[in-house]
Each structure stands twice: as structure tokens, then as C-alpha cells.
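Following: one structure in C-alpha cells, then a few remarks.
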Amino acid sequence: MYKIAKENLTALFQKIAAEQELYLPVKTADKVNFGVWTEDAEVDLDTLKTVKSPKDVFFPQSETLYTCIREGKKIKVEPEALKEQNFVVFGMKACDIKGVEVLDRVFLVDPLDTFYAARRDHGTIVALACHEPEETCFCKVFGVDAAEPAADVATWMIGDELYWKALTEKGEALTEAVKDLLTEDGAAEETVGKEKEAIRGIIEQLPYSHLSLEGWNGDVLMEKFEDPLWDELYKPCLACGTCTFVCPTCQCYDIKDYDTGKNGVQRYRCWDSCMYSDFTMMAHGNNRKSQKERFRQRFMHKLVYYPANNDGMYSCVGCGRCVEKCPASLNIVKVIKAFQKKGGEQ
Amino acid sequence: MKTEQKRAEMIKEISGVNPLKCMKCGKCSASCPSYNEMDIKPHQFVSYVINEDIESLVQSRSLWKCLSCFACIERCPRDVKPGKLIDAARQIVVREKGQDYLTPDEIPELIDPDTPQQLLVSAFRRYRR
Amino acid sequence: MQELINRAKELLADGTVARVLGWKAGDLPYNPEPAYFEKEEDFADFVYNGFCGANLSKYMIEASKLEGKTLVCLKPCDTYSFQELMKEHRVDREKAYIIGVGCKGKLDIEKIRSMGIKGIKSISGAEIEDEAETLTIDTVYGEKTCAYKDAMLERCHVCKGKDHMVFDEVIGESKETKDADRFAEVEKIEAMSPEEKFAFFQKELSKCIRCNACRNVCPACSCRKCVFDSNKFDSAQKANVDSFEEKMFHIIRAFHVAGRCTDCGECSRVCPQGIPLHLFNRKFIKDINELYGEYQAGADLEPRTPLTSYEFEDVEPGIVAERG
Amino acid sequence: MQRIGVFVCHCGTNIAATVDVKKVVEMALHEPGVVHAEDYAYMCSEAGQELIHKAIKEKHLTGLVVCSCSPRMHETTFRNAAEKAGLNPYMVEIANIREHCSWIHKNIDEATEKAVILMRAAVAKVNLDAPLQPGESRVTKRALVIGGGIAGIQTALDIAEAGYPVDIVEKTPSIGGRMSQLDKTFPTLDCSSCILTPKMGEVNAHPLINIYTYSEVESVSGFVGDFTVEIRKKARSVDMNKCTGCGLCQEKCPSKKTPSEFNRGLSTRSAIYTPFAQAVPNVPVIDRDACIKFKTGKCGICSKVCQAGAIDYEQKDEIVTEKYGAIVVATGFDMIKLDRYDEYAYSQSKDVITSLELERIMNAAGPTGGHLERLSDGKAPKEIVFIQCVGSRCADDRGKSYCSKICCMYTAKHAMLIRDKYPDTNVTVFYIDVRTPGKNFDEFYRRAVEDYGVNYIKGQVGKVIPQPDGKLLVQGADLIDNKQILKEADMVVLAAAIEPNPDVRKIATMLTASIDTNNFLTEAHAKLRPVESPTAGIFLSGVCQGPKDIPETVSQAGAAAVKAIGLLAKDKLLTNPCTAHSDELLCNGCSQCANVCPYGAISYEDKEVNDHGIRETRRIAVVNDALCQGCGACTVTCPSGAMDLQGFSNRQILAEVDAICR
Amino acid sequence: MSIEKNEEFRPKIVAFCCNWCSYAGADLAGSSRMSYSADVKIIRVPCSCRVNPMFILRAFERGADGVIMCGCHPGDCHYTSGNFYARRRMTLLFSMLDYIGVENGRTRVEWVSAAEGAKFSQTMHEFVDKITALGKNVRLEDLRCRN
């Protein structure tokens, strides 16, 4: 295991960025989001949660798929190039990494999403363990260990040192590339071990850590779908897309055209939200006419439909961003608890 | 550009007058107190400029007979204001004499602040000949 | 709060109202949610405290369609929104029983977080009955305190006043919270050079994720279908893209609510990226006040707004360039 | 997808000399939806329209773009052509490549490039055009004429003769206007009253004409075929039905110091007065500002002497509301004020007068009983100087930029009349140009010079200096002799510029009729629609449209009448189908649109809608097609974009923007 | 900030003209042969009140360098009051554009009557000069539409 002093991190970033693109938490106008590293960027590794999850590194909020250009009476189709350069994402948390796993099961199965696959192939993830988990965190519920992120490289920020451990071949390669900035530390395992324990200790104390997922699995489709509880739960929902846009696992997108005039018609995809009234709107109208149906869709998808198709894996990783950001203070935890409470009453 | 053409342009530039606006009504000549002293009459000034015969203008007696009373400027219904053309022609003469003369912004530093403005203006007219 | 609950129960019991629209305690100390209460026992979860910032007037659009009256708890600033919605025939006054609730300033959890307070287990001092000047926050990382005032939403510092514009009755006391000039921030930007202005908004708006929270929470944005969702207008965009999109969205949104926006501040409260969206609306309000006379949307039921009325002597658009 | 035909007009060389029309045709064929493009020398000609007809039939076109002159010129022509070939006329768009392109640009490449872009924008718009069907609206078979001068009188008579009722609204107590103030008329020297008075009588007696004198238009609403007008009948203080017009009241009235408007202030009148002896109606009014009874409460002599008991001090202004199908504006003119022409001493000497004052002096019913005399001392003038173009043809803001048109002729008339009646009086006319286009006009002017010895001097007067002895020293220039002239005169007559009646601005605003910088009402087309305002149903008669003499005024009055009759003869009008419509699925029912609608065309109804399967009753804006005039104010006010304007839809305008910016 | 001075720069200018006054004024400028730059392209609208701020923003988004709106003089609107509403709307919109840092010379409103061909031409001259001096619109342009 290696370590690097906090004060040398800039040198580390410079070194990485010299070879490939580097994404990491950057503060802009008071908010921290993943962004491309530049000399001017204000890197912020202390903020636990970026506003948006880093999923857009692999699945951008909007990306052009191809462009149609009119040449006289003919139309030329120019597909967008796939990602060909390697890049590094630094500072992803355990929950977000699990989020990528959820996305993989959607985009990397047949039919393969080549745009996503190219980004996954070329991306190396350097994870950062959660130093001070917060009350909105409930990753433990979904089997995520915030103290021991599973990525290409795992790192821990302890005091003024960043501890570095490569976990995969990609991770080894990156370590090799920056090795002259890292120092070997024999006592590292022990130091990191203590940190892990501390983190796990805090997680035990968090209010959501013991949330029960009992009764949520791929087999309860109709029972949950028809539950009258939805009639009440959705009511505060404002039908905005905040929860879906900050979520590390939401993967719905819409495909739209933009006529640039001179540069042809760009066909692009962009994140969509099942909370939106025109989500999956078709010529005949809408599958889900009411906000209740749209609200139900989101949670049923995360806790029932997705597990049903993915060996019981939930499509929530407990990052807690929706808990923090929902304008109406709704969130998946409240939904789970509401059903739990109702179960208790029965 | 020929000299006369250049001089005509200069007169238009200095005076800010577009002589083509003249409708030949003659109100300038009708208003002029020095009319009888002049060899080229005020309304003719306009056509001399249009025809770019500046030499005749600068040689004319009229140039120095104009009192700058501004009656023609005041009354011209077409915004042609022959008085300004005359004044511009005088300027041409002065400039062509190559005399160094002060510009108005240089004056304040040289002059006693109590000197009446009127005097300064008259001085300008006279000494620039 | 108890008085409010008792009165609500009473009105529910005597059939005056069919339901009560208020706030239900959340599972964290700071996240109560807007909720309907229809039965006596539901009131166990009823809460009204410093974190009940949500403006419930917009929910009355849907509630107006329900059978019977809805009792709605409106803070002073919310009543402006309600009255504006009345003016626009989007809510039915007959379907509402308005209890004007007192307000001592509402809290912003983001402000508390920005002080580095995290792992929150409980918060005391946010109760409406308390005269507490200080919030005491118990966290997994130890006990923290912060001044109530420092945790208040921006909008409460420039409060329009604690009078309810429309109500059936008022319950609870209010406390003046205004301690800043409403247009100071706008003036600060106005004083910048074009380059600085552009850089400022570019930075803020680059964070926008087009989640539409600002729009959907806005009581003035009450369109059944927003132009930005409508294919008819050729302007529908779902996600942020390269450059102009956000500015276009936010300018048009501000323009659509200009003269109707009551400055309730919900847009800025809910923005996940903390974009000070109220700066757009307030700019229009400031311009309207300066150019067309003082105007407060929602303060009356006069149907014409500054943008649907005019004076012969109105200033020309050239004023913008003239005042530089 | 549309099948669009693009037709590029050369307009002879008007377009083709500056725009490469072949290039426009070639580029058009690359545009989406365009299946046909061709050019032709004159698209608007019979042969050009035939090309369009043929292409529509053969290529099964669904839309047309004509690249030609302004749509204000030939849009209707091409729409009609399309309709004849079975195409909806609203599927035609015009790219204005003449007025907006070839005529203002010189560089062929630039002009061609711009023409292509304008063509592209029009194609983009047609792609989104939808066939429109005009609705129908009714026509109120009654006309309103504003102004009771010769223009208004002639228009009213002509309309009434065609069998339609007409109301005349006249601001002063009598009809007659400026013409009633004139003595003789050129070029035949007829007595003005002799030819006008019978017409006034005819109007008064006509069963279909109703005259509101001493009245003003208060408000106008509605639109072509269906205007609603409020007329304020100012309190006359005399009962029109009782008064016999005996004139005793005027004779006995003790307040006789008010300057007579009719005599241009050269004489005075009583407080109760008819402006002149032949006034129609021959019923006096009480000028309440001058009347002792109204000022002090005492007097009441007129009431005492009135045998008919017609005096009514209690009378109040009355508002009459009436509906009209057509409105003719005939508000006439006045002379400009001369207070900014100090050099002519108008305000310093009583003997410097305007031509209209001279008319009154020459008139037998005027202040001097028709004797030509100096107002200062009553002496007969021996030297009279006329000064032309006072305030006309002026480039600065003291006067008017235009030629007042009538002065040359009336001055010749005056000069001639004076020389005829007073042969020992010398008349000198200082002129800049003498303009006499008109039948027998130049002959008339030549007679003044050749037969009557009027001295015409080319050169404007610089100054008029009143002398201590009462003479007027006129300082002028003779540009032909190239000498300055100092002439002593006994009287100076100024041909002051004429200007539209100042009230016309207010009336134009009420009528939404457009007006130019000189306050003359704008005609719909300078050459082809000279008596119509661009606002449908509003017609122009007389000097309100531009300077005119009497014969011209009368012919224009007749023309305006014919246009009005043509309108009134219709039972129904086709309405402009470019009206606003509200998409019921998008409408919030918020009432914002109704707030800005100038026509009250928007109402709201509770309507059950089916919004993609959700059925609910919603408050929805409904536009009354007959009332909507298609301004589009509502479309911008509507935040959800529910309100859209047919023919100028949001998507169409955006498409044009995109095409231009491409 | 240095403005790139490009000798070849030809601005793209969109002019919205109301049908009754300004479009007719532009026609008059045409029939009077009062030339102005070919960079100005006119869109005919029934009334200045038909101009949605979105049209103006869209033009900028699509790469226009200046947008000018012309209508009847206040009080002379063919529809009585349309230009009054337009005046308030544009005043607020321009103020907002100024507020977010867009050079305020890029937008303009001018009242041009049907009789003011000369004013139309003069106004377009001035506006084109102003926009040429300001240079390319980069702040509001959508990158996707860039050349």
C-alpha cells in the first residue's frame, strides 16, 4: 500500500492530467460536482456528497449520437465518435461505484450501449472512502461498505495523508504511472484498518443504517403495485426531476433531435425523469397518466422491477442525495418506512 | 482629388452644410445687410460651392464684407445657412496662409480669466485674417 | 402549534373542511413534508416548525379540484402566492379555508450544512413556540450550535412583512425577520461590468441540471404544460446542453412570471445546486418598481399586472442603454 | 410535408438587375419541401399568374412562395391566383426581394445572398402554413363622416345618394368648413358661398343624412363593418327643435367682445352666436366661456327675447352611441401659427395678414364688408406685397417640409381680384417657384401677370420692417436681376403653410388609422389606394390626407364615398382568418390574455377536455373570431403558449428566425 | 477582454417589423431607394406585440448578432395598444439581457411609421454600425449552431 501527503495531491493531479483526462470533485459557485481537472479548478475532497452523482462521467446528461446533414436532396448521417482516450475519475465514493455497477447491468448487456461501454473501457476509477458519513447515508442497507470501496484504486484520506491501494489491473497501471509521487508505507494497512473501523462505527450510529428492506424484492410486483398506500405517498411530489438527476443509478434517457440549422440535425440523448409528465409520452398519450403512477414507477423500479431482472440487486445504493435534495422532502427512505409501518399495523 | 474639389469638401466639412439642400429661394440675399457691397451674393455662395469654384470665392470681396450677423443662418428655410459657408471659406484662406494660430483650448492658459468672452471671439475673427 | 391542531380538528369535525393541508413530521429533524390530514388520528404527525418552509399555495391548485373545502395553512408570504393564483383563476377561494399561520423565519438546512454541521441526529430550537435565538444540533460528531438567524432562508432576511394578504383566520404569532435590503444583491450585480455579470451568471447557471425543481415548486409557474415541455412551441428541452440552453430557460421562465412572481423565494430554496434563482425574478421586480411604479404581485386582486397594462408615458426600451 | 413552388419575379429589371434570379431559383430547389422553382419577368402579370396556375396543377403544389415585391403590394394578387388554381390562399407567402432587397442594395452578390435568405425564410414559413378559412362578419349599413367641410359634405351626399344613411360629426356649430370662409375660388373665380351653400342646404335636407354639429367623436371601438362610436354632443344651450333661427338673441346679447373664429379674429361676435349667416343648422350656440349668464348667473336676456323659448341654460353634454359600417375622415386643415416667423412682423403689424384673413377682408360678409382696407387705419392699400411659402418647404422645425400646394393659385387669385377691383393698387408677389399643375391653372396665373399686371419677383423676402409712418418696408431679393429690393408696402399678405387639423391626431388614435410625421393620415397605398386608410373600413377625404384644392378635395370625397358605398353594399365581410386560437390542452384559463386583448375578443368557458386520456372540466380561453383582429398581444402574454396566432404562429416565426440565422 | 477585430465580419441582424407601420416604412425606404446594409433581414409580424421575447433569444441562440424590433409610434398602433405592451416587454427583456452581461447595444427598439422610410434606413445604418463595432455575439450563441 502507498501513501501521498495531502499537499502533494496537486502534483498527483497534474501528473495524471498530463496523460489523460481527470475528473474529480470540483467546487463551482459553492457547490461541488464532478468536473474536469484544470489548474484553476477548486478541488474539494472534503465534501462527502457531490450534488450530482458522478454517473455522468460514464453516462453524460446529454450526448449527441449522430448528426444528419442535408446535402442537396440527400441526407448524410454522421455518427458521433466513441470515447477513445483513457481517463481517470478520482474520488468516487463506494455508493457511487455501486451505482456504476447498476448502470453496467443496464448498458453493458445485450444490446450493448457502445457509448457507455467505450467510456467504461477507458475509465479508471479511483475511489475515496467516506471519512465522515452523514445522516442521510444508508449505503449499508444495500450492502455497500463505505469504508472499503471496490474500485480500480481505493484510497483513504486520513489526517494529512492519502492512502492508496490498487485493486485491479487498471489500478496497477495507474499506480505505476504515478509511482514516483507515492511512497510505500508498511504501516499503512494498520492505519487504514483503524480508519475503516471508525467509519463503520459511525455508520452504525446513522439513523437510516438499520432500515429494513424486508418485503421488497422482485416477487412482490402486484402486491406492491396495487397497494393503496401510493395514493397518499405521492401527494407532496412536485413532479420535478431532482431525485432522478442527482441519483447515481437512474438510467432513463430520452432521445431528441436538435436542428442546428447550418450544422445539421443532431440526434442526442439526454437524461429523462420518470417523474416528468411527458416521460415515455407516445402518440396515443401517456402510459402513466397521473403523478401517483409516475411516483410509484420510480420506487417500484428501484426496489421491485430491477431486482426482478437483476438477481435481486436493488437499483438504489443508499447515497442519500434524494433525501437531501427533494424540494418536498420526499425520498425512498420515507417510502420504505411507510410500507414498513403499514406492515407493522397489519 | 483636385484642389478645388478638396477645398469644396473642406468648406462643407468645416461648415457642416450640405449645399444641395438649397432650394434657391434667395431669402439669404433678401436678408443680407451687406448685400450691396458684395460681388458674389449670399445665395450665389451656395452654387459656387456646389460648382467647386472656391478660388472665385476666396478672391471675392464678399468674403470680407460678410458681417457674420447670421441673419441668413437664422432665416434660411432649408438649413443651408450661407453665412456658415462664407465663414468656412474664410477659414480656408487663413489655413492656406499657413499662419499659426491658437486653438480655442490653448487660450485659457494664456488669458486672464476676467477677459470678456465677447472680446475673445472678436479677436479670433480679426486676428485670424 | 397545538392551537392550530385543535382548530383544524374542530373544523374537520364540524364538516367545515374535508381535509387539512399542512406539514407532516419527517424522519429526520429537518424534513417535514407537505401532507393532507383527513382523520383525527393523522394529526399525531402534524408539525409546524422552522423547517416548514414549503409554500403550500401551489398544492391548492389540485386541492381546488377536490370535493369539499381544504383547510390550508399559509404563511404570510404564501398568501401573496395564493392571491395571485386566485387572480389567475387557478385556485378556488371557495374551496379553501385559509388559516394564516404565524412565521418567525424559516430555516435552510443547506445553510446549516454549509457550516460544516453533519451527521445530524436532532435539532432543537426550531419549534415555532420557542423564542430560541440559537439552534442546538445533536450530531454523530458531537453537539453543535448555530444562531437561528444564520440558518434562516435568504428570503426571510428580506421578508415582505408578516401580514397575511388573504385568510379566514390567523393563528400563531409572527416575528419580524427582515434585516437586509431586498434589492441589495441585484444592485451588486447591476454595478458589475458586462464581463463580470456574464461570468457570474455563467458560473451559477453552469451548475443547472434542468431538474425543473424551481419551475415545479413555483406558484406562478402553474401552467398545465410548460412551454419547455411542449412540442408545440419547438422549445422543449429536457436536459442541459452546451451553452445557451440554461440561460434561455431561466430568462424565459423569469419573464413568464414577471409581474406575477411574488418573490416567495421557493425557486432558490429548492434548487439542488444552490443557484440564486431569485436574482432573476427580483431583477424584474426591481425594474418594474423603478420604471412602472411600486408593484407587489399578490398584494391585491387587481387583474392587470405590470406586463398586461401600460401608460402612454412609459419609458422607452432605450433606457437600458442610457442608464448603462 | 408540403410540396412548395417558388416563383421568382424579375419585376422587369427592378429585381433582376440587382438580384441574380436564376441563382435564387437554383437555391430554392435545395430547400426542404420545394418541388418546383422558376423565374419570370412579371409574376403579377396574367402570364405570370398562368405559370403559377400551371405549376400548382401539374406539380400538385400545396404551398407557394413568391419572391417579388412587398406583400403589401401583391400578396392579394398571388393569393387570388392560388385560389383560382384550387389552393388555399393562405398557403402563399411572399419573400419581399424588391423593396427590402433589390431596390436598396447595389452589390449583386450581397443582394442575391440576401434574396436567397429571404426566400428561405418564406419557404420555412410555408412549410408550417395551414389552410385557413376566413369567417364572416356583418356590415352595419350606416356611415360616419367626421368633419363637415366640403370634403365631408360631398362624401356624405354621395353616400346618402347611394341609399345609405350617413351621420356627419362637425366640431363647430355649423357645417361648411374652410370653404365657407373663402370669397372666390380659383381658377374660375366662382363665389365660394354661391357654390357651397346649396350643398349645405342639400345635406341638411337629405332624409338619409343626420348632422351632429357642435359635436365630437368621443370613442371608437369595433372594426370594419361594425364600428361602435360614441359621439359627444356638446351642450348648445339652445333647443334645436324649438329655435326658429330668427337671430334676435344674437342681436340683443350684451356680450359682444369675443373674437369671431369665422372671421379669423378680425371681428367680434356675441356670446350666443351662429358662426355666419348661412350657417347650417341655423341655430345658435351659447359660448359658455363668454356668456354673462354662465359667468355671473345674471343676464338671461337671450332667454327673455326668444319667442320660441329655445334657450336652455341647463342643457348638458350628451353622449350618443351609434353603430357604423364605415367611417370617413374629413377633418380638413388649418393655417400654421406664425409666431416663429418674426421676420415677417405678423404679430407686430395689423397690416401683415395671412391669405385666409385676406379672404375674409375681401368677402362681402367679412369684417370690412368686402372693402379692401388696412386693418390698422382703414385706408385703402396702394402697394400690396404677397410673400409665398411662409412655413412651407421648410427644412427646419419652424415650418413644414411639404409644399402646401394651394398657395400659388390662391395668391394669383387674390392678386388678380385686387388688380381687377382696385386698378390703382400695385401688387407684388415674391415667389420661389410658381406651381400651377392643374387644368387651366397656369393659364390663370399667366392672366394675373399678363392681363392684370401683377409683378412677380423671384426671390424670397428676408424681412418686413414696420415703419413709424405705418408703412411696411419689405426687404427682398430679385434673383433674376441679382439685386436686393427694398419696397415700401401698405399691406403684406403671407401665404402661410397649411397643416392638418390638430385634432386629427386624437381621432387617428381612436380609429387606429396611421398618421405621418406631419399629421397627415396615411393612405393604404400612395398610388393604388389613395382614399383608404391601412385600417380597414376607414376612408380619407380631403386635406386630412394631404394638401389639396377644392376640385381635388371634391373628387377625393367622391372617391372615398364610393369606397365606403362599396363596403356598405356588402351584406357580409370575410374576416381576416389570421386570428388567435387557444389550445385547450395547454390553456390555463388564467385570464392574462383577456387583459391585453384590445377587442374584448377573449372570453372563458368551463369546458370538458380530454387531455391524453384525462378528462376534466377546465376554464379555457375562447377567441371570438369575428372580434379578433390578429394583433397577437395575447400570444406573448400566454405563458404556456396555448394562445397562438394563425398565419403568424410561434413555430412559423421561429422557423423564419432559424432560416435567417442559418 | 479584447474584442477580436475581424475586417471581414458581417453581422447577422434580424429585424422584426410590424405590418402596419414599420414594414411599410421599410417598403418606403425601398421604393425611395434609401439603401442600408444587406445584413439586415426583416421578419413581418402583425404588430410589435406579436414579438415574443423567445423569438429574440432564439435569434441570438441561432447566431444573430443583433436583433431590432420596429413598430408604430406609441399611440399610433393599428391595434391601439399593442406597441405599449411590446414596449414594456422589450424594456424588461433588454434590461435582463444587460443584467446577465449581454452587451446592451445588441438589442434595440425603434418606432418607425409607414411614412418614415428615411428613418428606417437611418436606423438600420446606425444599428448595423453598432453591431459591427460590438462584433460577433458569443455570449448568447448556442455552440451547436456555431459555424
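Quick notes
Labels A, B, C, D and E are assigned to the chains in the order they are written; within every chain, residues are numbered from 1.
What we mean here is this: a residue touches a chain if its C-beta (ideal position, glycine included) is under 8 Å from a C-beta of that chain, and two chains touch if they have at least 3 such contacts.
All of these numbers come straight from a predicted model, not from anything done at the bench.
Traced through touching neighbours, the fewest hops from chain C to chain D number 1.
Among the remaining chains, not one touches chain B and also chain D. Relative to the C-alpha centre of chain A, the farthest chain centre belongs to B.
With centres taken as mean C-alpha coordinates, the chain found closest to the middle of all protein C-alpha atoms is E.
Counted by C-beta pairs in contact, the busier of A-E and C-E is C-E. When each chain is reduced to the average of its Cα atoms, B sits farthest from chain C.
The mean-CA centres of chain D and chain E are about 30 angstrom from one another, to the nearest whole unit. Distance between chain A and chain D, defined via averaged C-alpha coordinates, is recorded as 71 Å. With each centre defined as the average position of its C-alpha atoms, the distance from chain B to chain E rounds to 41 Å.
Those residues of chain B in touch with two or more other chains do not exist in this structure.
For chain C, the set of residues touching two or more other chains reads 225, 227, 233, 241, 307-308. Residue positions of chain A touching 2 or more other chains: 258, 261-262.
The list of touching chain pairs reads A-C, A-D, A-E, B-D, C-D, C-E, D-E.
The touching residues of chain D, counted against chain E in their complex, run 70-73, 96, 98-101, 103-107, 110-111, 113-114, 117-118, 121, 505, 508-509, 512, 514-517, 522, 534-535, 578, 596, 598, 629-633, 635-637, 645, 648, 650, 653-654, 656-658, 660-662.
The touching residues of chain E, counted against chain C in their complex, run 1, 53-54, 57-58, 60-61, 74-75, 81, 84-85, 87-105, 107-109, 139-144. Those residues of chain E that touch chain D in the shared complex are 12, 14, 19-21, 23-24, 26-27, 29-31, 33-36, 38, 41-47, 49-55, 58-59, 62-64, 72, 75-82, 85, 89, 113-116, 121, 145. Within the complex, the chain C residues that touch chain D are 65, 87-90, 221-227, 230, 232-234, 256-257, 303-305, 307-309.
Across the interface of their complex, chain E is touched by residues 258, 260-263, 266 of chain A.
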